[in-house]
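Structures are listed in the sections that come next.
First chain A sits with chain B, and in the next complex the same chain sits with chain C.
Presenting the complex of A and B:
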């Protein structure tokens, strides 16, 4: 059974000009042990999906979905308390900005210990609890590659470097031994060495623990080496989804193709000093969304029919939503 | 740390010197003989006058005179009051203690009410509770203090008779002067009917401290509300929710501390506005405080008392403000430290 199954998730935001669909019929399926990449430009609603999954939503948002289940349990209809319980034990999130996602005035060690569940500790009397908790915390820190755990556990977020902060976030995410880790752009603004360390760490955890990872990023290079599945998002609509290898070989949606082409490392045939290709225009703001397929105004293959939202079509595991997909021209 | 202390100490000392200089120049600016204004001794014989002039170096330059004046201030010789003929140092320390006592209780009172209401209002941001509390706070903030005090007297002491009309304690009790804070003095004293005296003093305190506390309470409420709203919408609070902590855990472990630390200086600084309001309310309740004393001094043209009283009040406010600022900068765990003492 799939871990997380989301079908037609729509999220509306209350604004001055009425309700705006920030997410429009998003589909996302994550299976056990899978690294699933969620890719899109900034402003395409990646982080909002993450927030919708873990339930960190504002009351000015309205969420509807045909299906949003966690191992068969419906996340939308369950009570807040039950949902919190699931999130506490099974789902963890690594946030984009480690520094601002950590409490600035509580020592890091205390914040780490806070998320360790009592059930994950060795059995013992209550006077052994604090010690066991500390031991568990320091083991976690060793595992994510922090050596001076004594020093860092006493420090405050502003006193330590950014990558250590992010490692702390990862340790916190792993603390509850979750089934799914949602990594929301975990390497943003990092140096290349720190970045590769963190990516290695994540893929190791995935292999050793059979942990599923939802990897949210726009760093295609990093993702392509790790992920086995990918979902491409544009402006709050799922554009294409499928196996990484398949998408790279034969992208069906014009947007996916443009996205892959915009990264020079994917194009071995690129002659030197040739201009890099990119789609014209920029991603529209949420106040000025086009109707129908939201890629419409930027799409090189757009036609009259594109003012209607395309149906989701499926070829085996590969789904896409486009009226005029590449490679499949009806002659 | 040492740097912070040194910066604040230098700021404090320099400003205190400026203040003392102003108070010294008052002796010249007030009508009459500067020497008389400084000492408060009127109608002295020629010999005595010459002696005093010698002491205050009246024949030397202005700077030397000022220096002599500062020396006198430090040795506790603040001059005599025109009206009572008593040493001002003692008189002012008594009345200042009474004022500080009144404003301290009012501050505690407004914290006890303002902080929880501010929390409530911030957590129920833009809901009915929030709007109700905001409306109440606007009304509370707009009521003039003296008017509120008069209305309170009219209702609670004249019509209902719950609280005494004025004064600090009933004339029946003779509390010896120890610290100047009447509640502490009563507890320290060996009066035969301590409990009754204590109760009586409390009953005298209620109306004045409440009428001062109203305004401060609304300010505290607003500051707290704003800070809570900001902190609860911050990223680390969202992250804490996403880690599956319950709203209670999130609020108690991460919300409260983060909301309170940045506003603590703002809140404590309300003490100075409180003191100002207390000076107004004191005259209405005939509370024997510095405000009452100063206004009496102004009516009676008691120049030495005005000079010394103003110096005392401003020095107190200044010392308090700078000390609090320093303490908060030293103990802020997030290390939000401006480089110099002026912020």
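Presenting the complex of A and C:
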């Protein structure tokens, strides 16, 4: 059974020129024990999806969906209180910038102890509880690979290196023993050794605890090393979605192909210093979104029909939305 | 062939507190030796706080080295010799977003180095600005634009235009691709390589992205805690890394690439 099932999620933002669709019919299914990657450039609405899942969006935005369920319970119709309860115990988020999302004036140990749910601790008399909490916190830190937990629990966020901060964020996310962890660009701005450490940690947690991860990033190298499934977003539309191996072998949408080809690491046949393939133009802003397929103006294969929003088509597990997908002209 | 830029035994000491008391933590950069030829690209790789940005600052003259010398075209570059240095070594800053003045038009931003360093009159300056804008793939009309009217990729182009407007021989760039999205990033990489071919620039850049480093650089300098641990040809370093730290870097990169299959 799928953990999180989102169908046709649409989010509209009010602006001077009327309601703008920041997200346009997003589909996303996350199964148990799966690492699902959400790829897109900045402004493609990745972070808004994360916010919509945990319910941290503004009241003035209009959100509609055919289906948005958490293990069969509808997230949109339930009361705020119920929803918060689910999110508190089952979903946790690792935020983008660890240093700025941690409290700068509270020691890290106290911040970590605060998020531990009382129900996860051993039952005991009240004078044992503080000790139990501390023990649980230090176990968590050992699990994410922090050895000197005594030192780091006393220190403030600005005193410790960036990757340790990120490990603290992961420990805080794992503290409530969630079913789903949403990692919002956890490796941004990190160097490669720290990055591979964090990725290893996440994939180990995924294997050992059967934890599902929604991995949001635009770093394709990091994503392809750990994810099983991938959804590609462009300007608030889902472009393509399917198994990672399948997408890498045979991308059907021109955007996915361009994205994969823009990373020189994927191509071993590329001679050094040769020009990389890239799409012309830049990502449109939300005020000037093109109608129909939003890739239209940048797409090398765009034709007249592209002013209509393409239907979602499906080949087995692989879904894509394009009028002229890449496999059509091979026939 | 003559070296375009060479650096010999460059050192920089940074100590907190008073020097004669010999207190406080001390950070020493160097000694650093390297040389590049025209049309070559040197990549500087290393951990955070290993002195990469400091090295870039020393090269463009923002900081004064304690000892060692920088030679440009076999001629020694003194620290006070700003006139000569500014015309030949230009820098692209890390965050093109914040390094452009939001209050003046792009035309004035690009005109400023011309006003300060050349004797061109108004007409000639405008012509030069327009020509440079065209060179980096923007329109001449962009000189009436302000920073907020441009997208990320276009801003990066303007930052690059500001660097090449004085026809320098060397460009030093501090993480020029870090803040860009993949599709815009490959555009910028292409632009840089094209400019390098056309103008024969020497290009020194700092990056975390080993995929791009491998693709565009001829030489690599690996730094750790202010010391150069390894340097050499890109191919050699990626295939046969010698130092422990370099091995770790390359293996981590390879593991990420191979992990998916």
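Here is the rule we go by: the second predicted complex is superposed on the first by the 328 of 331 C-alpha atoms of A that agree within 3 Å, B and C clash if a C-alpha of one lies under 4 Å from a C-alpha of the other, contacts with A are read in each partner's own complex, and residues count from 1 in each chain.
Here is the rule we use: a contact is a pair of C-beta atoms (placed from the backbone, for glycine too) under 8 Å apart; a residue touches a chain by one contact, two chains touch by 3 or more.
This is a predicted model, so every value here is computed, not measured.
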item	value
Touching partner for A:64 - first (chain B), second (chain C), both, neither	neither
Between chain B and chain C, more extensive residue contact with chain A	C
Touched partner set for A:193, first chain B, second chain C, both or neither	second
First, second, both or neither for A:73, with chain B first and chain C second	neither
Which of chain B and chain C A:84 touches, first, second, both or neither	first
Partner chain(s) touched by A:15 [first = chain B, second = chain C, both, neither]	neither
Chain A positions touched by chain B in one structure and by chain C in the second	none
Chain C residues touching chain A - in the complex, by the definition given at the top	47-48, 151-154, 178, 181-187, 189-190, 193-194, 208, 210-212, 214-216, 234, 248-249, 252-253, 255-257, 259-261
In the complex with chain A, residue positions of chain B that touch it	234-236, 238-246, 253-254, 257-258, 261, 333-335
Residue ranges of chain A in contact with chain B within the complex	51, 54-56, 84-89, 91-93, 95, 97, 100-106, 114-115, 156, 158-159, 172, 176
Of chain A, residues touching chain C in the complex	41-42, 161-162, 189-193, 195-196, 199, 218, 220-222, 224-226, 244-245, 248, 258-259, 262-266, 270, 272-273, 275-280, 282-283, 285
